[in-house]
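Two complexes come next, and they have one chain in common, chain A, joined by chain B in the first and chain C in the second.
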Partner chain A sequence: GACRVSMSTEEIRAGFRAIKANIQSRDPIRSLSILSHPHSLHKVQSSDRCCITHQLFTFYVDKVFKHCRTEDSFVNRKISSIANSFLSVRRKLEQCREQNNCVCGEESTEKFKQILANYEGLNVTSAAMKSLGELDILLDWMEKSR
Partner chain B sequence: GDALLPAPQSVSILSTNMKHFLTWSPVIVQGATVRYSVEFQGEYEREHANGSWIPISECSLTTATLCNLTEDISASVSYQLRVRAQLGATSSAWATTRGFFSRAMTSLTPPQLRVLAEGQHVLVELADMGPSFQFRVLYWKKGQESRVQQKVVKEVSSTVHLDTVEAGAEYCVKAQTHVEAINRSSSFSPTQCVRTQGDTSVWL
Partner chain C sequence: SGELYCSLPNPRNVHFESTNMKNVLHWSAPEGTGDGVLYKVKYAVYGVGKWIRKAECRNINRTWCDLSSETSDYEEQYYASVKAFLNGTCSDWMETTRFNPLTDTKIDPPMVSISSTDRSISITLTAPEKWKRSPEEESISLLQVYPGLQYNVSVLNKKTKKRWFFSISNNTLVVPWLEPGTAYCVSARIRVTTPLLDSGFSK
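Take a look at the complex of A and B:
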């Protein structure tokens, strides 16, 4: 369904840009992808976009960020900034769900199941770091689908 | 150990134009240098990370009684801050801000602007206030207050040119800021008026 959410991906992107190299250096398995295996997010139909965005923001808030604590204070602060921004955006997406503008079709349900399977196929810290390292894949997809 | 060193008092957040600072009163110990450490907790930490606190390294073991929070308070959620005093191995209890702070609570001041007439053009110079800020410039021909024109400036370039102005007329200008991230605007700046140069062309 149609769901209009005002958000600044630029703030999230700026936070991620500052730690991207550090986070991706902690991900030894570069051949695997959590978000893009086997199919890219770009294949998701527009009618399913709101639902999968909400599912992905919930995935990052509930599963990813909490397993990304590092020994680096700067990195931890940027992860906090991103996590809190995700929380703020998810709240807006929830309002769309309550107004029934965020219906989950079969495709997004399947796609999200695949992402969870990719995630649970790795040990939790590796999976969390890899997911965080793929944040720009999510942000690029969200901006392209505006 | 800890109980000997009193916690900082008067802990408060000062926030103007999306710049946020924590301040507190100094803890006085005769003949000693007391240091302070600051930590923050966003809604994510409170609800999804077991209420964990995150230290701000620039304000760890600092002698200052002020800490810049701007980089860390960068999401539209509610935050709490805390500070403690440290003297050698002794630490005070944490002093935590009362209530929550959200960046939407920042106070927004009108922009600083300079209005110039340059020949038959009106130029507006706006002071840069950082990436969060847009500007809404209103202008009108003096005496025609009902026919106000508007220009929205998203990126501050050094000078804004106002369109469709007549030669030899007096124009008045005022502006306000707008912050998209919190969807709020400042009040308007005082109005400034200038007269454009008269038409100097001569029929020959």
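Take a look at the complex of A and C:
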């Protein structure tokens, strides 16, 4: 069966919109995107969309949020609220995987390998801040392909 | 030719103004400069990063530049930058923040057409179209861009000042049980919940 996860991206969107300019201004690298390099995340139309979503939520929880501390307490609070939303969605996606409804095909494996390579191509703080600044790319893709 | 020594004050408030994904770059003239300032504009796709000069906005004296064509792929994000020139000197390049056409555009109100019987009103709503290069180009409704697009409709009884609100996803609404011979005012707006985008109400 399909993997159906109820989640409200509105809350995540609102949190991100509040810190978007601040976070993106900390990322001076225009020529590289973690999620969209070399091919746009939007080009990924595969049937294993659930797998990519799960991999990306795991990526943000395990590799991004923890490296995104700033000197601004307002920004930090928004980041941790977004992180908590990601944690709860990932838990739901995990249940799908356990029920075998979240198959990982070649396309998602290849795409996620590219994302990790983009991430590891930068130092941790820059990579994490850039990834956080690309949250709207992830949300746009998720909502478009809902 | 080598780059000039740039001592001119910078253009200010360089930003995109976008409606229905017609994306126009705007800025303010450098402080303290009168007439005669000319500008150059360039833009870049985020993740590609190669700056591309906008030929039609080279050595212009206006303080806007239409980049709709260059930023029409709303699955990408963009930067744009402006440089000022005056009397042989220049400013630094001044950049926008990262521009996401999908979340950073404004949406016009829907078109509202109405037919009525003596006791009901039938309302048909049409979402605006995405900006397009020419009339011949295929039209894309913003309904296709934002699958979660909804309409908020308000119906006001002008005599009793009683008002009803409706929130609908499809584009037609029939309001029954109205009072014959009474004037009603219908107004509608578009609501996209995520990303959060609200149009104004139609006249």
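Everything that follows uses one rule, which is that the second predicted complex is superposed on the first by the 144 of 146 C-alpha atoms of A that agree within 3 Å, B and C clash if a C-alpha of one lies under 4 Å from a C-alpha of the other, contacts with A are read in each partner's own complex, and residues count from 1 in each chain.
To be clear about the criterion, a residue touches a chain if its C-beta (ideal position, glycine included) is under 8 Å from a C-beta of that chain, and two chains touch if they have at least 3 such contacts.
This one's a predicted model, so the numbers in the text were calculated from it and none came from an experiment.
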item	value
Clash or fit, chain B versus chain C on superposed chain A	fit
Chain B versus chain C as contact partner of A:Asp136, first or second or both or neither	second
Touching partner for A:Ala21 - first (chain B), second (chain C), both, neither	second
Larger contact residue set on chain A - chain B or chain C	C
Which superposed partner A:Glu94 touches (first chain B, second chain C, both, neither)	neither
Which superposed partner A:Phe65 touches (first chain B, second chain C, both, neither)	first
Contacts of A:Glu107 with chain B and chain C, given as first, second, both or neither	neither
Partner chain(s) touched by A:Lys144 [first = chain B, second = chain C, both, neither]	second
Chain B, chain C and vertex chain A (Cα centres) - angle in steps of 10°	80
Chain B versus chain C as contact partner of A:Ser36, first or second or both or neither	second
Smallest separation of CA atoms, chain C relative to chain B, angstrom	5
Residue numbers on chain A that touch chain B, as the complex places them	6, 8, 11, 15, 61-62, 65-66, 73-74, 76-77, 80-81, 83-88
Interface residues, chain A side, partner chain C - complex	9-10, 13-14, 17, 20-21, 24-25, 29-33, 36-37, 40, 42, 133, 136-137, 139-140, 143-144, 146
Residue ranges of chain B in contact with chain A within the complex	40, 42-45, 47-49, 54-57, 71-72, 74-77, 79, 180-181, 183
In the complex, chain C residues that touch chain A	44, 46-50, 75-77, 79, 97-98, 100, 102-103, 147-148, 193-196
